[in-house]
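You will see chain A twice below: alongside chain B first, and alongside chain C after that.
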Partner chain A sequence: MTKSGSCLELNGVTKSFMGVVAVNDVTFQLERGEILGLIGPNGAGKTTLFNVITKLSSPDSGTIRFQGQDITQLRPHQVNRLGIARTFQNIRLLDELSVLDNVMTAYSPRVKTTKIGCILNLPAYRTEEKTLRERAYELLEKGNLADKAGIEAGSLAYADQRRLEIARAMATGPELLLLDEPTAGMSATEAMELTEYLADLHEIGINLLIIGHDMRFIMGLCQRIVVLNYGRIIATGKPEDIQGNEEVIKAYLGGSHHATSGRA
Partner chain B sequence: MFLQQVVNGITTGCIYGLVALGYTLIFGVIGLINFAHGEVYMFGAFIAFSVLALLGGPFSLAIVAVIIGTALLGCLMDGLVYRPMRMAPRVSQLITAMAVSIVLRNTAMLAWGTRTRAFPSIFPLRAMEFWGIRVTQLQLAIPVLTLLLMIGLHLLIYRTRLGKAVRATSLDLEMASALGIEPNHIIATIFALGASMGGLAGVLVSIFYGSLSFDMGVAVGLRAFVACILGGIGSIHGAMLGGLIIGLAEAMAVGYISPGYKDAIAFLILTLVLIAKPSGIFGVLVEKGG
Partner chain C sequence: MERAGNSLPFPRSFLVILLLLILVVVAAQVFTTRYSQHILNMFGIYVILSLGLDVALGWTGLVHLAPAAFYGMGAYASALWVLRVMPGVWYGYWISLPVVLILNAALGYLLALPALRLRGLYFAIATLGFGELVRSVLVNWVSLTGGPYGLKGIPRPYVGTFAITSTSHFLYLIFALALAVGVVLFRLSRGPSGRAWMGIREDEIAATTLGIDVNRGKAEALAVSAAISGLAGWLFAPYVSYLSPSNFTLDESIIILCMVIIGGRGTIWGPVVGAALLVLAPELLRGLAQYRLLIYGVLLCATMVVRPRGLLGRLRR
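So, the complex of A and B:
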């Protein structure tokens, strides 16, 4: 049964690295307007699954559909242009570029003026650049980063870097945002502020798929949760159901001896 | 004598620097040493020669033809040969680059012959004397043109949107593609830019020496490559500085030791750099890929 109403739909997605099955026959949907959490012990295959969805790595089998369209064969930039943006677990900003330029970089593939116009510094290019700069400032304001626009991204505080990565992802105009451990390294207060920021994004119609280790954050924000262990889905359901699920508790408490393997 | 050699050194150094830019730009983005880049420089010279001597066209047309022709050559090289090899091991890519170099050199040999050809003298190369140093107008023009090209490239890379996309791709190709940047477009652009700079350098040299030949790219290509290593491969400013240092060192060797040692100098410098500071002056060498 295919639900054409789903925002994101994975069907039997499998990915292995040199014999190690990192993602094993994963099937789930993210409905429109949903905030879906993706949890699981270390090495469960969560980041690998993100890489497969954004096509930074290709699945061995299975299909991925976004807004009803099969994106399994697309390349990373095409997936992004269709409306899927992401952040990275280990924060991948352009450290030497300013905060503003990091956001501006994300605009560069979706503009009208040509490379030649850019090389020759034509008026059309300059006007467009000005509009984009204003839009970038708006995004930075929403992420509480506007006052830091001019400084190097690499010198930002950790929490600010995480928020900048989200602001940059938003500049690509996504409908679905994949966040890989957005609260990692944040204080409780910072995590709470981030929850509000993400709730605001959800409010304006962004669908969210979030990997998280911070259970309070995930349980508080997500409407539904998918639990991965050894690459397989072991539970799906509302936060309260997941919290009491025997198998989930067992995976978290008893599965740590394999914790070092399989992370991509 | 010293000042004369400085002037000569700066002239050739600028040429090496321009060619080195092509190596460094491409390495910065895809981690490939494009050994065929010296051949692009040679093609630039022959395109200008063909337009001027064989078709009798004006100089401006020749320059436009060189820029477009070498840019296309760069794109073709990337699209037809390097792109399919992108995921191949580093050694295979290097060997491929050497093969491209041989193919291009032989193509030029078949097209324009093995003889050294005389480049049409378009400008009367009058030499001027300042305090006993002979300087031709072209020797003044080459550094000025090089400087202008350098400033243009710097502005392009550090100030424009295209430049930001190039830097993003070169710093983290995966991340850039997750932002919607098509890496292959950026790489093709870089090949085109690097190639046209190399092509223009070829024309300048041909005018300067009044001659050109199918194998002229070999020696310059190697020196420019050494200039890159010296400056720190991947660094734009390093490439230019490296070029100037090699040019000056060669001129000094010619003037003070013997012209016979000209070829040895670049390799002596390469050896010293690799022993003392393998990452070069601006040491931006980072582990690519992974």
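So, the complex of A and C:
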């Protein structure tokens, strides 16, 4: 459709914090229909890169394009409205709200009826709310959370919280979903179920960018992997190529690499 | 919003509203002395004030310490409109209602613009400054506000030729509006705006990545909160017929704050219970008048320790 055909395109993105370069001249593309993995040792700058893409922090230099549109100057809520949703490594749910309301909150910037319609409880408003609630329940069902819709999100079990965060992100109607360590704290079975769920999302046309530490999960799910170390891309390629890449093995097992150049 | 299990032919909220209306009428018959009706009326006004503050404080998580400033602006705007802009016209008072609401909402929104660059305590201090600013304008702009002497002789409202004069007339007016505010806020709290505001309270960063414009949400919440506080002022001015800047000081804001926190922030009924407690308490503790603020302080501390989410707030899991 657009010139590049890419879904997401990063060009020379650099971000530093008080002299520490967390993301250094990162350039890569996420093609349409792709599941891209982002791996690297602790402090490699993966989460910082997510924050830059979702504009929670602004890059010092470089450009970010989404569906051909430059989003480098946008604010985070605008980025989301264009179709990028994310989850967080350390889970950010709306703890005191119910599981259902966590998902419903994601609809709130996209409703058509006004406050007046809500105050007067107009039929159009009630119909819209009903539709949204049904859609929210559908998302919760996919995440095996429908029976927990009424309880406080903060009291969910860890794996449930992760799945709720994904369901909530999906409620924003994204084309690109960024997942920051979605399997952290999950059992092997739960990780398997999540893999299937994510594969389903991919089926319906959602592009995925996934940070992961669980190599079996990442290698099994992603078509292509970008490896980050000290803020720089040290390798890009298919899972099997990455597994044999010497640079990558060195980064993970600690070779004679420059250990002083900083960490995020 | 019909829920499962509701077999009534109308939403359950109608039943609640009807019961509350009956309660108001009964209360007006039971409490017949001027004194007891005055207490009820002040309770009604504080219900509106604490509900209004709760939109900012409890729903959106903004530590807003100047509800009394918006209360005062509403009261003075209503009085000045009737005294200066449309004197001697019976409907002047009623026209001043939308004026007060719009003025207060606009000022709430305007306060939000600079103040929202600040977070947490810094935002609280900015609202403190705003409260002080309004108070000093009321004190010093003598030609408009009468300065420290206040505004005297605010006329009673009329409906045609019928004068709303007695405390029981006001009782119906005040509680009708308190009920209306309650219904409006209940619906907003269950709707998209309420959810967005609560999302901002729970986690700003999560909210913004869900597409919620956090600054706009906060500004809207402040505007709604300010308009409701203004409504209370609009009722208060003709009811007491005399306004002085000392009605709208920081002390007043703190009392409203206590009502919300003690009753349970972020709930609709909490502020109502808080208002009932803190309006009744000083009457029951008349002999201890000079310890009033001390008692509030102790009550507040006790609530924070025993029920941090307020009397009607849910217990921590």
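As a convention for this text, the second predicted complex is superposed on the first by the 249 of 264 C-alpha atoms of A that agree within 3 Å, B and C clash if a C-alpha of one lies under 4 Å from a C-alpha of the other, contacts with A are read in each partner's own complex, and residues count from 1 in each chain.
We adopt the following convention: a contact is a pair of C-beta atoms (placed from the backbone, for glycine too) under 8 Å apart; a residue touches a chain by one contact, two chains touch by 3 or more.
These numbers were taken from a predicted model, which means no experiment stands behind them.
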| item | value |
| --- | --- |
| Fit or clash between chain C and chain B when superposed on chain A | clash |
| Contact breadth on chain A, by residue count: chain C or chain B | C |
| Touching partner for A:S155 - first (chain B), second (chain C), both, neither | second |
| First (chain B), second (chain C), both or neither touched by A:R81 | both |
| Contacts of A:L94 with chain B and chain C, given as first, second, both or neither | both |
| First, second, both or neither for A:R126, with chain B first and chain C second | second |
| First, second, both or neither for A:G62, with chain B first and chain C second | neither |
| Chain C-contacting residues of chain A that also contact chain B | 54, 56, 75-77, 80-81, 85-86, 88, 92, 94, 96-97, 101, 104-111, 115, 118-119, 121, 125, 129, 168-169, 172 |
| Residues on chain B engaged by chain A in the complex (per definition of touch) | 156, 160-162, 164-165, 167-168, 171-172, 174-183, 189 |
| Of all residues in chain A, those that touch chain B in their complex | 54, 56, 75-77, 80-81, 85-86, 88, 92, 94, 96-97, 101, 104-111, 115, 118-119, 121, 125, 129, 168-169, 172 |
| Chain A to chain C touching residues, read off their complex | 54, 56, 75-77, 80-81, 85-86, 88, 92-97, 101, 104-111, 113, 115, 118-119, 121, 125-126, 129, 152, 154-155, 168-169, 171-172 |
| Chain C residues within the chain A interface of the complex | 1, 11, 184, 187-188, 191-193, 195-196, 198-199, 202-203, 205-214, 266, 317 |
